[in-house]
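Presented sequentially are two complexes of chain A, the first with chain B as partner and the second with chain C.
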Partner chain A sequence: MTGSLKKMKTETALIAVCAADLVAFAALKVSPGFFAGIIGILALVMTGYLPVKLQAKLGSLAVLTLVFTLGFASKASGDIFFIGLIGILVVLIRTDRAPVWTKVLIGAAILLASIPFAGFKDTFLFELAIQIGIFAAMAMGLNVVVGMAGLLDMGYTAFFAIGAYTWGIFGSPQAHSFMAGHFPLNGNLMFLFMGLAVLATALTGIIIGLPALRLRGDYLAIVTLGLGEVIRVLANNMDHPVNITNGPQGITPVSRPDIGWFRSALSAIGVPLDARTDYQLFFYFLVLLVIGIVIVVNINLGKSKFGRAWVAIREDEIAARSMGIPMIKTKLYAFATGAAFSGAMGVIFAAQRTFVSPETFTMLQSTTILGMVVLGGMGSIEGAILGAASLTILNIDLLKGFSEYLNELKQGGTVIFGYHLSSLPSQLDPAKYERLVFGLVIIFMMIFRPTGLLPERRRKAEEAEDDDDIPEITETGKGGQS
Partner chain B sequence: MLDSLLSLLPQILFEGLLLGFVYAMIALGYTMVYGVLELINFAHSEIFMIGAVAGVEIFRSLSNIIHNGYLLLLVAIVVGGLVSGLVAIAMERFAYRPLRRRGTTNRLVPLITAVGVSFVLQDLVRLIEALWHNEFFLRMASVSDLEGSVTVLGIFIQYKSIVVIVVSLAMLAGLNLLVNKTRLGTAIRTVAQDMDTARLMGINPDRVVSSTFFIGGSLGGVAGVLFALQYTTISPYSGFLPGIKAFTAAVLGGIGNIPGAMVGGLVLGELETLAGTYLPTLTNGTIGTEYKDIIAFLVLILLLLFRPQGLLGQIVKEKV
Partner chain C sequence: MSGYAVEVKNLTKRFGGLIAVNEVSMSVKPGEIFSVIGPNGAGKTTFFNLLTGINKPDSGNLLLDGRDVVGLAPEQVAARGVGRTFQNIRLFGAMTVLENVLVGRYVHIRTPYPSALARTPGCRREEKKAAERSLELLDYMGIASRAGELARNLSYGEQRRLEIARALALDPRLLLLDEPAAGMNPQETEELKKLIRALRTDMDLTVVLIEHDMSMVMSISDRIVVLQFGSVIAEGLPAEIRANTKVIEAYLGSGAAAGGGAASSDPATTESRAAAGNGATGEHHA
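After this line comes the complex of A and B, so read on.
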């Protein structure tokens, strides 16, 4: 497809993109809703793939940002506009030659203005954005383990659970049941506990990793799988004889940091907050901040001595060892780093939900995060973010939406090809089949595109060396300038 | 106190033996596939689960037609084994073979695919059961002539438990014959040793791999039917725990080693049952029976620390 697109004249492409943007705008005016969102996304796809000049591309992205943001005002089908905004971010990241300031400008407009605006209109979108953020940070953490170092960690949620319980127990009255002191602890201590959780999970990672990492990679997979199960069993059963985790009931309420300063700061710049959205907005910004830190840490790790050693181990363990890379130490470092990211996110998760229960931390959760890394591209940071966004939206928005739609059809007595939908079994609820969807995503990615949607740059460079096949997205702009 | 603990011992050892045979049969599937492909087939736990579900369905639909419990069980075992074996072949054909064809060197790729396959199979079974019966937590129908029991030497033995042991022993003996005495067995061992050389010797590795998946899969399927018979409740997700434990059993015996998987299964079954009964008594209920699921994991960790090659395995040097 892209081959023929590249031959397209720059002028034709420009006209096509402009027309698409105009149509999207018009659609928004005529009927703001799902339909307009789809047209906007089509325009976005054209912007991403057609060989237009860089300026035109950025201009079109800015226009589409406006279109999607205005779409939220319509209240209905906010999710489709939300997906559009995520899409713009992806195209923006992959537009290599864009000046940094434009990237920052459009990115900041989306992250700091459009999405909060959407969240005020529909709190579900806030929830969605926070979930995406938490998962994106975890996917980037797992990416260090799986993508960079090539170690398969199948119990990643175990570390998430350790983090969540670290704060869950001490940030709630739960700690009374086994020790003296004044609980719940002040919510502001949450930030301290993020540090503690990092230490605790990194230590657990080292204890678990030490026996498993001496052997071939497959053993690590099964040991981490077991670890995930052990943590779940412990969380479920450590309510007797001493009640530490409160068992299957879970722990609630978990304190949150004090945000008086945040409220007054925002009202000073003219954004009044109500009790419904203040914590949502706070956690949204907190997650954004953490993601920012994680990205910086990730990029620097990738460039560091350890990062290069990880890639070397991933590519050829024996060659790496003969180059003098200390095998166990380097692998342990990757494993513990990934674990630490997950632990820190666990603390935020516990505070944001104000509720911790063993049910959250399942094998399904671990595999979902693995699926995010695989879908986005192992080793690729932006891939991990894209993977997290797609699977989270798919899971808590699209599948649930489809379920609700199906239910409406059933109750409305719809008939398709002479088959009464109302006679469908009640167990047939699409939202319950996320394993099927994730499983298929993983299998198809592995068979047809093992490098993921947004392959790691290092791999892309290798592929470009191997044959002269030009990588897809990043190079499309080049055709326009020649 | 000690007397009461000791008087329980024969019964517990017997229960452990039952569980151990089930683990041994599942473990064989892991170990055989690992032997030929060096792949941990995570989806094998789902092959086991599919066998169990097939067994439950046979009992459900045929118990009104076939009144002899043993005949019914025979049908269930044959069907369960066949269905599981065929699913295993299909899985290999559509998920793993494309990866082999492409000649990927990244070891993670097949492993991750196996995780995906496992998820797809779980929900496919759930989907089928939802469309068919509108429920997916299944109970094995009880057939009266399998439910009887005798007491031998103070051990309470159900007839169906005897069946479990007899069938397992027969299957294990049959597998030993197959692997050691037949042409197919020789071919499997050859491919396990060196796939490229086997190809030069005129063996079609794809056929051998398919047969290996079928044999391992049907053993897992039969184990599933026996598991359902013994423990009665089954869901699309009940393969996970026995699967991970059976894998531990395979590692315990030395992965890739067929007698090792049998020994490992039996040892793990006994350990788990002993720990599950004695730990709560010895610790006054501080450590409940629920913790028995952790035993397998602890065994695995200790094993990796002190004897990673397993009880019967040998250390394999990685070739450059």
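After this line comes the complex of A and C, so read on.
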């Protein structure tokens, strides 16, 4: 009795917050819609954590999707709504009981309508979404290596660099400087080069993995760390005696595929594109597509004998080998697969930026991707995506946004508690504290939630379907593990 | 040519100054239930580790089904049809019971990597076949109802059964069991005994068993070999071993420093784990 009463109360509260949000949004539309966003996020957190009925949960997710999307139309900066949309996706993924069609519907609304809409309003959000997508795909690749197979790869960005340079060199006039031919290659060949990069990076992974994977834990970490640096240094120095990488200046312009068909297709359905957004939208969809493929491949592998072999080796190498699992071969598969994902994303990265330079592929980059996997939860696919979203937003949006805000205040001559902000030393610029904040986030995670934001749930074989009717058991049985 | 399932000649393994297995020779016939017994630290587990390629012998010969396996990696030995369990249970705790057995099916699932990536119909077929066989084995071991549970949530007895099911998933010709009854109550031990006998006939197996429970060893074994300080001190039928004075001495500890307070009965009734020998508690694995 009291239980159901309590439940009713929480549902009422949830609906009230959603309603309040709509009202707040309507009222505040002219002034910063920021508050609407904050209330929306609050409602989202409640939706995520409160034990409410499925219908209420889905209803509130749908309303919030609408609210956040409308938010982009307001004058407020769109970041908070963007974060809200990502949050909705996360809650959606974690709502096991939701029928698939509702998930697909809300998910598609967000990914195919809301975010492009946001991008048209503010191209920076396109950039943000594409970056998140690229990093999410890489985090999922690294998740195979570190999360599933338990191999600590600290130089993952090396493969990203190889992919990026594969297209960067041949998709620009750069290749002229060391070979004859017609360069830059046609931009449409980018798709072919994605395949080539997959092969090239997988092969590199095998060549490096063959000796390195015989080492255990810490040693492997050191070797891969070194590899990451070697690739960066090579990219930096291979401008002489033969100019292959153009050294520290980097390579530009890198060609992009021809998207005439994409423009006309979209204008046919009533979405005219201008020169500012056409490529952004194209790359956004391309990244979505690739992520879709990466997710499917990840799930397939997890359910195959190879996925099981990785987890077995991670759990107990001796027992795994005693069951006939060839150790080196299995580790090589994991290493090469992760490398291939990274390589494919490198090609997209080069084309989207139209620019490749060594300074993108630093050790910090490798550790950031590793941080995404750890933050999200090792071995968990949705965790890798969430980790990528969180850290990317933190790095290229929140901290930089905060810096800009502070700068505005400084220039405006703002005084806080008698302190002139304009005399704030530039060393205290928040954007310079990316590493510090990143480190703190990881430290707090390790203390308070060492299994990550969305820990890996080992599938419950047959029962998965039956579970839908008995939510409580599903929650404790699946979520409570590890 | 030899016709033996296992044939070992002058097998020696040293760990630094310690000779864990010392010039051991023995042979096991196909279809036998063969027991290896001996005080703690006698080298029994090390002997298994040598058979399965986890440790490399310093000298000696090792033939399985007449083929030399010295120098093979553990996975290669396993692929030749040798399944084993571990003294200190080594399951994959984060995986379900069914997945644990599926890992044991690894060598029998014929899925090339690309078709696993795309989960082709062929891959699904193989997975389905493997899952059916695995459930069959779980059923055989009486834990089919636990298939979806995480292995680490099973009771001790169930974990021991799961380890056997996983080893059987290899479709082995030789099954090595390292103290399968350890930690079991008398009733569970009784069931285990029946099970091992049934296994031999149902699955056409040769079983080599390390066990401290003397009543079990004496009733189930066709032949027994006794190790002490890494050397074979006796070999024969259960009745011969029961009457062997060297064995009785080894178990009473009169030949070594420790074990003075042990029971005054013969090995057949001596409680398991009568401490003797060099006092080491062999939980070591490479």
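Rule of thumb we're sticking to: the second predicted complex is superposed on the first by the 417 of 482 C-alpha atoms of A that agree within 3 Å, B and C clash if a C-alpha of one lies under 4 Å from a C-alpha of the other, contacts with A are read in each partner's own complex, and residues count from 1 in each chain.
Throughout what follows, a contact is a pair of C-beta atoms (placed from the backbone, for glycine too) under 8 Å apart; a residue touches a chain by one contact, two chains touch by 3 or more.
This structure is a prediction, so every number in the text was calculated from the model and none was measured.
In the superposition on chain A, contact is made by A:L227 with chain B only, not with chain C. Applying the stated contact rule after C-alpha superposition, one finds that A:S304 touches chain C and leaves chain B untouched. Looking at the shared chain after the overlay, A:M327 reaches chain C, while chain B stays out of its contact range. Within the superposed three-chain model, A:I318 lies in touch with chain B and with chain C [touch as defined at top]. Chain A is touched at more residues by one of its partners, and among chain B and chain C that partner is B. Residues 318 of chain A lie in contact with chain B in one complex and with chain C in the other. Per the touch definition, chain A reaches chain B in the complex via residues 146, 150, 152, 154, 208, 211-212, 214-219, 221-223, 225-227, 229-230, 233-234, 236-237, 240-241, 317-318, 363, 367, 370-371, 374, 378, 425-428, 432-433, 435-436, 438-443, 446-447, 450.
Within the complex, the chain B residues that touch chain A are 40, 95, 98-99, 104, 106-113, 115-124, 126-127, 129-131, 134-136, 240-241, 244, 247-248, 251, 285-286, 288, 290-291, 293-294, 296-297, 300-301, 304-305, 308, 318, 320. Contact residues on chain A toward chain C in their complex (touch as defined above): 297, 300-301, 303-309, 311-312, 315-316, 318-327, 333, 456, 458-463, 481-482. Those residues of chain C that touch chain A in the shared complex are 52, 54, 73-75, 78-79, 84, 86, 90-96, 98-99, 102-107, 109, 111, 113, 116-119, 123, 126-127, 130, 147-148, 150, 166-167, 169-170, 285-286.
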